[in-house]
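Chain nomenclature is as follows: A, B, C, D, E, F and G, assigned in order of appearance, with residue numbering initiated at 1 for each chain independently.
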Amino acid sequence: MSSVIKHPGVVEEVKNDTVFVKILNVSACSSCHAKGACSAADMQEKIIEVKILGREFVKGQSVTIISSEAKGFLALFWGYLAPFLLVFISLVILTTYNIPEIKAGLLSLSALIPYYGALFLFKNKLRKKFTFDIQ
Amino acid sequence: MGLRTFKKGGVHPDENKFSANAPIQSADIPKQVSIPLGQHIGAPANAIVQKGDTVKVGQLIAEPNGFVSANIHSSVSGTVNKIDTVIDASGFKRPAVIIDVEGDEWLENIDRSADIIADVKLSKEEIVEKIKSSGIVGLGGATFPSHIKLTPPPGKKAEVLLINGVECEPYLTADHRIMLEKGEETVIGVSILMKGAGVSKAYIGIENNKPDAIAHLKNICKKYKGIEVVPLKVQYPQGGEKQLIDAVIRREVPSGALPIEVGAVVQNVGTAFAVYEAVQKNKPLFERVVTVTGKKLEKPSNFLVRIGTSTQQLIDAAGGLPQDTGKVVSGGPMMGKALSMLDIPVTKGSSGVLIFSESESKRRKMEPCIRCGKCVGVCPMGLEPYLLANQTEQKMWEQLETDSVMDCIECGSCMYTCPADRPLLDFIRLGKGTVGKIMRSRN
Amino acid sequence: MSITVIYTIVSLSALGVVAAVILYFVAQKFKVEEDPRIDEVEGMLPGANCGGCGFPGCRSFAENMVKANDISDMNCPVADSQTMAAIGHYLGFEVSAQDPKIAVIKCNGTCSNRNKTNNYDGASSCAIASSLYAGDTGCSFGCLGHGDCVDVCNFDAIYIDETTGLPVVNDNCVACGACIIACPKGIIELRKKGPKDRRIFVSCINKDKGAVAKKACNVACIGCMKCAKVCPFEAITIDNNLAYIDYNKCKLCRKCVSECPTNAIVEVNFVPKKQKEEIIAETEKPENS
Amino acid sequence: MAKKESSFKNMVIALFVISAVASTTLGFVYEFTKEPIAQARLSKKLNAIKMVVPPFDNDPNADMYTLPVDGGEALEAYPAKMGEELVGVAIRTYTMNGFSGLVRLMVGLSPSGDITGISVLEHKETPGLGTHMSDEWFIAQFISKNPGKNNIAVKKDGGEVDAITAATISSRAFTDAVQRAYNAYKNSADAESGATVIKQDTTQLSKGGNYE
Amino acid sequence: MEYIFIVIGAIFVNNIVLSQFLGICPFLGVSKKISTAAGMTGAVTFVMVIATMVTYIIQKTVLEKFGIGFMQTITFILIIAALVQLVEIILKKVSPALYQALGVFLPLITTNCAILGVAIMTIQKNYNLMQGVVFSFATAIGFGVALILFAGLREHLDMMNVPKGMKGVPIALVVAGLLAMAFMGFSGLV
Amino acid sequence: MSKLLNVSPSPHVAGSYSVQKIMYGVVFALMPTLAASVYFFGFGAIIVTLVSVISCVLFEFLIQKYILKSEVKIYDGSAVLTGLILAFNLPSNLPVWIIILGAFFAIAVGKMSFGGLGQNVFNPAIAGRVFLLISFPVQMTSWPKPMGFATKYVDAITGATPLGKMKEGIMNSQSVSDIMMQLPSQIDNFLGYMGGSMGEVSAIALLLGFAYMLLRKIITWHIPVTIFATVFVFQGVLNIVDSATYAPPVFHLLTGGLMLGAIFMATDMVTSPMTHKGMVIYSIGIGVITVLIRNFGAYPEGISFAILIMNAIVPIINKYAKPKRFGEVINNG
Amino acid sequence: MSNITTFTKGLLKENPVFVLLLGMCPTLGVTTTAFNGLGMGLATTFVLVMSNLVISLIKGGIPDKVRIPSFVVVIASFVTVVELAMQAYLPSLFESLGLFIPLIVVNCLVLGRAEAFASKNKALSSVVDGLGMGIGFSLALTILGAARELLGSGLMFGLKIFDNSFGMLVFVLAPGAFFVLGYLILIVNRINK
């Protein structure tokens, strides 16, 4: 019963069996009618790669990216929750060893560096994991 | 151990089986019949007669148009008056063959004797072919061409035949009377169907409110191998094929799949009787038993009716339309169609004609949904009717699909039970239709 | 200058520079420079978000207009032609003026014109009633009167007239076409609004043979061809026992109106018959609306 | 005016200049308001002290000393003197038992330990309920009582104080804070026989605010 | 025990949205789908905790050390704004796939007053670093609880015929009020 | 045939439930409780009930007629029920104007702002009650002693509720058993001879109503029984862990609004989940939060808050606690 | 747009609180009394006007890509000025507004006007815009505060209107803020139509 997430986008480029879809990632407030008057209504363009097998897309075509909610939560985990846990746990450990808190804080923050390094190494694995489809 | 029934949901409306003790009597042959060409699920048949042709009883007058479609035979002898559109029980104008009746001349090869022929001579293939050429469709209401059910798609195999003698709809007694009066023939029909489907086991499911039929058939079945009568607890919609399969053999037909998925083939008792007549007596399907009943009706009866007879005539035969009639329904009170006028022809699918008085028939005023959850509780398919109806109103087709609207069997239990009298099924049907269209357009 | 001030300056300036560097990269990588014209165009649009243009909302329409190479087939039904012309001008296109349109109800089967043959008692919805059966009158084409069209109209432009049981379109109509999609019977059509809001059309869609249609409804089009014959501009065609007036050809001469034996042709906003002569004179003058 | 191009250099310069200007301005504003802010804080404290002790002519703030309390932050005591004579002590006391936690009071005690006045410095109690603790009638109950002799608990707990209706918790907390002040005062008086007074770093306790 | 009090306090008793009135904009803005609300909670948790840690360290090592506490507001806001962006850049560089997946799933996280508020409150409450981290984590969870509950209610109300004038913001605020009223039942829990 | 036939989609018959029947069924089920509160609290109970019911119905009428300009539906009984339940949640000596304010809040904010019957997400009566409790804590927490018709409406002699005394005692570090000595016996609690809101005092009367509603199939057992069980188990565990500070579970079952809440308020169909699975989750939540608030919170009483909080979760429960679809198992397996 | 319409639109038609729904946090958080509302409103107005002025003056010198951070620095500076000044001269108001003074920095209204108006317009109209919006904001906060104060404690700007036993505490507390704002928005919507 896993639900899907949909996101509208526009085909930016087609290369062999990969299309690059431009999506507009908007902040929470962008749905708000006052967004013109509010700075929080940020927008960013993100380019999403989608493998297409044998389907035809042309540049400029409006498409809908689909992915499963479960994948979204997994991404959330690797992107935010895991580093949070890492920092939190290292902070707990460091403080129990009576390391001064400023040092402990800086050290546990720097735990993020190897974390992101590891993510970098697993880049390709993750790429395989997080695939999208076009409706 | 209590009686078997299906696991989920269900309601028990007042049974009101007034005509249970009225023996089947033949209705008069009308002056004119109009035989609709679409009497089955699927494409309407193609007429092969023309205006002015003379036809005999049992003569083929229309041929199937596509895979899911069925032969149609004349129910009377006479001259084809015209081929035109008439409003039939579906509520829409549909093509029909209109025949002026002259005498009652049957095709010679039909065996009109009352002898019971127990011996099944035909082979499996011949049986299926015979059923097909006789234009037999499910008489339990869905009018699905029966021969298709007997030829499972490749890779599937029928294991067991279920005979639907449940007649869970209130008021209706046609199947009940067939089981009582044509028990022997019906059981032979069942064994023919078993042979046709290539199975060695058949169950006849009958609800416990028909003890005489249960006893009678049990008695007969002693003589026939592999046929067993299963009494069931009274609970609507036990007659729904998925529910019946669940109740009798404890298998759940997966969502979106056909009974054959769990090795079952379901046929109605009326169908079994029709199969008997077709196979053993060479008689195509051109008449059926119709219950005509109602609280205020003078003589609630069960008639053997030629297809194409006007409803008006049946009502007259049952004592005429009572004064304050508000609604006339073709079929059962839970699933039948309300008729917009009375000269609508009886078709293969008409199991009954119900007469409701004005006060019985008027829907109560609908109130806001109080979210009591009763509709959820009674839905035999485990759906959430309140939600489906609401989503339809809001045109949320995608959610409707994920909430399994297509599983709804349109049994009406939800709407029956709703204290707020919400037109749940009206909306669900609309949602189902729209979602169905969307799904089809996707492939 | 006290030491605090110096600390202040040093730390904040350092921070400012660091933030600048970070944000520089951010800006390098992501910040969308949205075409500012989108905002402008969106501002010019009426902002009804009705979807009548075929896009999910006014903003999306604006985006697509800005992107498009040719906007001639993009039209906001809500905006008047001046607005569209202004937008076109802004974006550097020429927009040919579109004739303003309005929804018309092509059924005149009021309670008095069309007898009921049964009482509908289901949920009040045209879609449901129409999937149930042919309808509660002898006419299986006509309006069911449950107002699905009214429900979808975002502009309060359509309402059910209690006395006739039929929907009526008023001046709020922006020709968005929502009602046309909603009507299961296909009764509503967008037609040219016409000079001075005057228009003539066949208010019937009954395709039954004449006798059947006439029996079902007093004002049904019976397909008698009289109007088609009398029309000087060949604007009227008859198909399936039903007349249709092409609004691009019709010159509003009104000859057909009086010719129709069942009064199936309706005229809107003309001065009543009595002053017929004058009006014809008037309408035949060169149009200048 | 033409927009500056977004080159790296321009961006850094722009932000640097803005930050520098802003911080300079702020630095001076801070310098300018430093005095008045300190003044405002002081006068608030002095007002509170004035309200709870008899008239004095010394600078209680300058004479402040702390009273240790077991298991909790030490209390600040502000002696009020008329001439050389000690007329009372204002004690900045607190309790954590308020409906929403911390309640801070200034309790005035006469040298003998009689309550001369109480003012509420800080609390987060519910408006309309716990806030009635600043009401005159409620505080008046405490005046001239001596927590050593009188039982200043609320009546429900067998004491002499009428609780605020529907705010027994706050009332109880109030009495708790008063009692704490008295106990601290008495303990130190007993221990030191009123002789030596330990001066301590003033800033330690008033760190509640964070803009120092 | 002290941590439990901080956690319960921040989630239920002094819920950041329902009783502290911070982060109202996303509360009203992102609360349309339960799954997005849940995702948003995760992202906010990370940002809030990291922001609290960084601002805490800056507060102690720079602001307090040099006696420029009054610069708190300006420093914190700049740090938080830069931090949010930094996380994005790093994610994008390090794992584009992950970054893309998040983009499809979540709206952007932007600075909101809850993040700044928590950073400032951590200092105001005199918490130490560990307490501050627990506090900001719990606050984020409290934010999430309110957001998810509210998203559920919104999804539900979308299906209802709310009277014309009440539709949208007014009913959302009334619901928030009733929710806040319900949450008052937790008062005194710590 | 002169009369036209009615035509509608199937089904053509309807069951015997109706909104009115259900609502008045619940009203009837509340009658023993009303009788009990009149017996214990005299005229005050009558006045409070009348004022509450009349003002609820009146406000509903006014709002439907003049503000929403919609059909007036005060006869469906839901406003009467809201009024009745609100009254049962109030002390029997509450000033009339406060009752009217509470009724106004319940109907105007709790119900009609959402569009009326069936649309609201929070239980209106509880919303009204909590609104009053927070707004007028003084008046809302002075309960008259149950003295039958000797109880005066105004200036009644007030007495605390058993739960209130329990809380008070525990705060003063008395042990539970000591406090229990000073409280009415469990039998009194069961019969209702104790201080408290009008409708909550008599457990027996409430249980009678419960039985009636079960019999009439107005509600199912799931919600009340699960709440009772949860409270019993959770409180039981606490009691075993530390019997000096945590009262025995039976005490908690019989005192305060637990019975009233579990039987009549948590079961409000509009604001409770649709499926049995959902109802069980919902009720466990109510039970747990009630026990938490009663033992650790500022309020001696917690079920109103617990129900209100769980009301907020109902949409989420409804979304995820779907009934098991027919044919689903096989599909997945 | 003339300066007059620039000014008046903030009052009702584009009221930042009731119509644009900006800066909801301080709106809800500080309006326990009319006086607090007014104080917060004026503080915000000051920041708004000053930052609008400064930004419209310096906008030419700022590269587009550091626009936002620069604005933030400017705004944050004025917020700090307000903070310091209030601590010095209005300490009790400062105490009751508490956290929300520093939070003016993130008030969408301030940054929003900087972005949407001041960065595109001349100094004078930017000031007028800031003034209009600020006064609209103050007005809204004051009304909200007054309503809550009146309902919650029977007072208005601290003056007794009716006996405080009629005060409904809820309105002083968190839920009341939501209720009153919700219904006020309803009313303003009706008026604007």
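In this text, a contact is a pair of C-beta atoms (placed from the backbone, for glycine too) under 8 Å apart; a residue touches a chain by one contact, two chains touch by 3 or more.
Because the structure is predicted, anything quoted here is derived from the model rather than measured.
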Path length in the contact graph (subunit A to subunit F, fewest steps): 2
Which of A-E and D-F has more C-beta pairs touching across its chains: A-E
For subunit B paired with subunit C, centre-to-centre distance based on mean C-alpha positions, whole Å: 45
Subunit B-subunit G separation of Cα centroids, rounded to whole Å: 70
Chain centre separation in whole Å, for subunit E relative to subunit B (CA means): 60
Junction residues of subunit A, two or more chains touched: 1, 3, 29, 32, 36, 38, 40, 43-44, 46
Set of subunit D residues in contact with two or more other chains: 6, 11, 14-15, 18-19, 22-23, 26, 30, 99, 129, 169, 211
Sites on subunit E at which at least two other chains make contact: 25, 28, 67-68, 70-72, 74, 78, 81-82, 111-112, 124, 166, 170-171, 174, 177-178, 181, 184, 187-188
Interface residues, subunit G side, partner subunit F - complex: 167-171, 173, 175, 179
In the complex with subunit D, residue positions of subunit F that touch it: 137-138, 141, 168, 172, 298
Footprint of subunit D on subunit G - complex, ascending: 32, 58-66, 69-70, 73-74, 76-77, 80-81, 83-85, 87-89, 91, 152-153, 164, 167, 169, 172-173
Residues of subunit C touching subunit D in the complex: 1-2, 4-6, 8-9, 11-13, 15-17, 19-21, 23-24, 27
In the complex, subunit A residues that touch subunit E: 3, 5, 7, 23, 25-32, 38, 40, 42-44, 46-49, 65, 67, 69, 71-81, 83-84, 87-88, 91-92, 95, 101-102, 104-106, 108-109, 116-117, 119-120, 122-123, 126-127, 129-130, 132
